[in-house]
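Everything on this sheet refers to the single structure shown next.
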């Protein structure tokens, strides 16, 4: 596995938040490697720690949060050694860029679009105003803004939601970052626009060769663009693998639950599957497998001891005791065993993979 | 856009109109008019018919009623001489006619009748607005004095200092538009506002002249008169009004009948005085308040922020009067500043320090709170988060992004600080005995000087209302998002 | 990561690998820290040391103002010692009976002070009460009714742009100096600012999803106002009250000082400041004790109000 080119490596990361005099552990001992040029999707329900996890890469945690343990290796140095904003400015935007959920509020309402793109170019590439403008216009054209020259001096309120997200992407790419973190980039957009944006990011990733990290709870997006999928639950990655691994050969009951509850898979007359209960409180120490109380497949040991990582294949691993040789043999639910066929069927009907 | 501005100006005018009308109605109906004379010393000394006549003339002058003496009544009669005989049939008929017109007829002790008509609230307000604006015209002299041989024309001439001026022959004023000393440096005599007569203080003067005219003792300056005479005189030639009869002294100086001039005085007028204090203190308040508020927002929850918030809260909670006296006391004890303005007067800079400091301190807490609040709100917004993710430094985010957003509500807040400054000026000018408009209002109230109260209400209300308009218009300059037509108020 | 697979060489009991179904209640367990609104309000308020100190000061002053005049029976129109020159200008802290000394007419300044403070406080509290009650009620409906908004906005645009001080002066002048007149003059226009403030908040909260949902489910408007919106406004109302009381005290003092507040027959802090201003140099305590008392009352009430408003804002309960 030496031939793999690891761009970012997270080791034993732990993140804690202070809330009303109590401590919440949002990320519990997570390790993950990101391969250069690949698209990694991090999926999980709200509060599973997806966003917090990626925020640590750029030092953007909220004021009441801190990384209490772990290392993040990037370009030969541990990012956790950076202590102040000055140091982070070398990383943010320049090396690791982020696209946020809501394009409506991500742009400064009283600055022109052009200003907001070219200021990054000027800051990180040290170019002159005129050079920056030329490059900004080129970028705007690249992200699909027609008549960019004219629209350069317009204000965000003159742009539609989808166009603003294109601009946000243009800004993120302005400095040719190594990694692009997309934090639910399409959630706030119309369904029709979503596919366009997803494709845009995909195309640009190929052109610029950056690594993409998607944060999403939309498995449709995942199936469409990702090379690898990391499933997060209660502050941990509980299953990791290629898209094929996760969609057709998943091992963790939580992943099964997630896949079963895809609305696309619902059949007329059949009740849609839902995972019962709520995620555990991270204010208390989680004992055993965090998903055990909600699982239909929980073992006695799940309530006693945290499962280790079981390797399924070279590209696939999961954290569940079900993979222990001593565990009883369990078959995933019927809905997801036929997942492949169902998805193909849907695509045949004229839809895109992942269209809602 | 232009339509919107016109609409807003119209609305502002209507606002002023409503407020002033209400004030006129209240003052003229709720305050017993006999009280007006209570403070008049000459009235107290009078007796008999003189007293009655004086009372009615005064009321007429102040606009309460229409007072007609028998001579005026008889002037309308076909047989004036018969009418002027008391109890004659002719007189009775005329009086009856007046009674039918809504007049009340009463008799002096000597048996001479007189008639008066009390104005209703509506008539009062109507008279006020009807008489408010007076335009000067080329026909003025002919109409008023029956002089027909004076040429009627407007022309561009030169004033005594050889500045060009729009001048007029045939108008009441010789100089229509001219450059001159004192704010706002371009003056005009074409349109005059008339608010009634001041009484009992500065009795007989127009209220606007009372507050507009320079104060103190006359100041003679060396000037050349149209006749070529060069001498030191306090006369302000720019204010030359037509005088039907010029005396010998006038003729030595003036070549025409425009010889009725106002004088130069040592000290600025009440309006100017209030402006000096108001504007300087606002500038200081903004110069301190904006950077302080921004600094606090940048270092939120830091030691300076906490200290600043504590000071702001203290200043807000402290009653204005207490603040004024504390600062005045400290000023006079520690820095030997005068505790009354007239002690050193206009000429000495020491007179200004304490009042200006106080006025600034009165607007400062509001200004700082809002600035800080807006900055913090902006700092928490998504675009700041994104700017941070772009790799901009805190300072860049602050100066390039937050500042431009925060300036918008700050600009919109300018009128509020002007309004506040007026309130502050009312108390501060009274406490320091500063001869400005602010002190004039409580003085006028205490002296029952109704027309003056109305005049000042008009000025303060207009100032406040138009400053709000100005704030909104200024905001359109700094906020690209505003298409004025869609917008009602900045605070929405 | 995927390289280092953990071998299960531990000696776990095979029985551990049997299915066990968790009870449903466990899966629904929510263990966020316990939260009670008023509990948090009190916890936050009493964690603020300055607020506690100011609360003690404010309570003491208010109690003194309302109880002391009843005991002393002071009436500033009665001047029993006016002809006894030795009773005039007794300096403060010289005699236990006249702890703050006596004034130009031989009256006890201590008694005069509390009777004045009572009236000033009464005026401020009454004006605040009227302002807030009318403001809240009108503001609630204003925020909900689009028709009312059209009319009210016009009235607001006229009234809010004129300094309250000017309005109060003109009104007191027209109506005559007096207790009721002053309270009327202070509250007659100030309610509209409160109403506007409430309107904006109501409009913001009104359109929140949970209220729209509630509306869709058929909850009557009054219930939405009462249960969903009013509690949210508590903090805003307290902020408003905590600004109003000191502001009205300030207005009363300033107006009375300029001679356009209360008449001769009433005692108040403002009237005292005005009456004693001529003695500022000859008997400074006469002037400064009322001024300082006014400041202490205003500042303590304001800080207590602000601390309470801060504590009652649910958003501050997060951290």
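When the chains are written out, they are named A, B and C in that same order, and each has its own residue count from 1.
In the analysis below, contacts are C-beta pairs under 8 Å (C-beta built on N, C-alpha and C of every residue); 3 or more make two chains touch, one makes a residue touch a chain.
This one's a predicted model, so the numbers in the text were calculated from it and none came from an experiment.
The chain pair with more C-beta contacts between its two chains, of A-B and A-C, is A-C.
Taking the CA centroid of chain C as reference, the farthest chain centroid is that of A.
Rounded to a whole number, the gap between the C-alpha centres of chain B and chain C is 35 angstrom.
Note on chain placement: the centre of chain A and the centre of chain B lie 65 Å apart, centres being C-alpha means. Chain geometry summary: the mean Cα position of chain A and that of chain C are 48 Å apart.
Interface residues of chain C facing chain A in the complex, by the touch rule stated above, are 1-6, 8, 12, 14-22, 24, 26-33, 35, 317-319. Only residues 153, 157-158, 161-166, 169-171, 173-176, 200, 243, 246, 249-250, 253-254, 257-260, 270, 273, 287, 291-292, 294-295, 298-299, 301-303, 306 of chain C touch chain B when the two sit together in their complex. The part of chain A that touches chain C in the complex is made up of residues 1, 18-22, 31-33, 64, 240, 276-278, 280-281, 283-284, 292-305, 308-311, 314-317, 321, 324-328.
The part of chain B that touches chain C in the complex is made up of residues 11, 15, 18-19, 23, 26-27, 30-31, 313-314, 316-322, 325-326, 415, 419-420, 422-423, 426-427, 430-431, 441-442, 445-446, 453, 457, 460-461, 464-465, 468, 488-489, 491-492.
Within the complex formed with chain B, the residues of chain A that make contact are 58, 60, 85-86, 88-94, 97-98, 100, 102, 105-111, 119-120, 123-124, 155, 157, 168, 171-172, 175.
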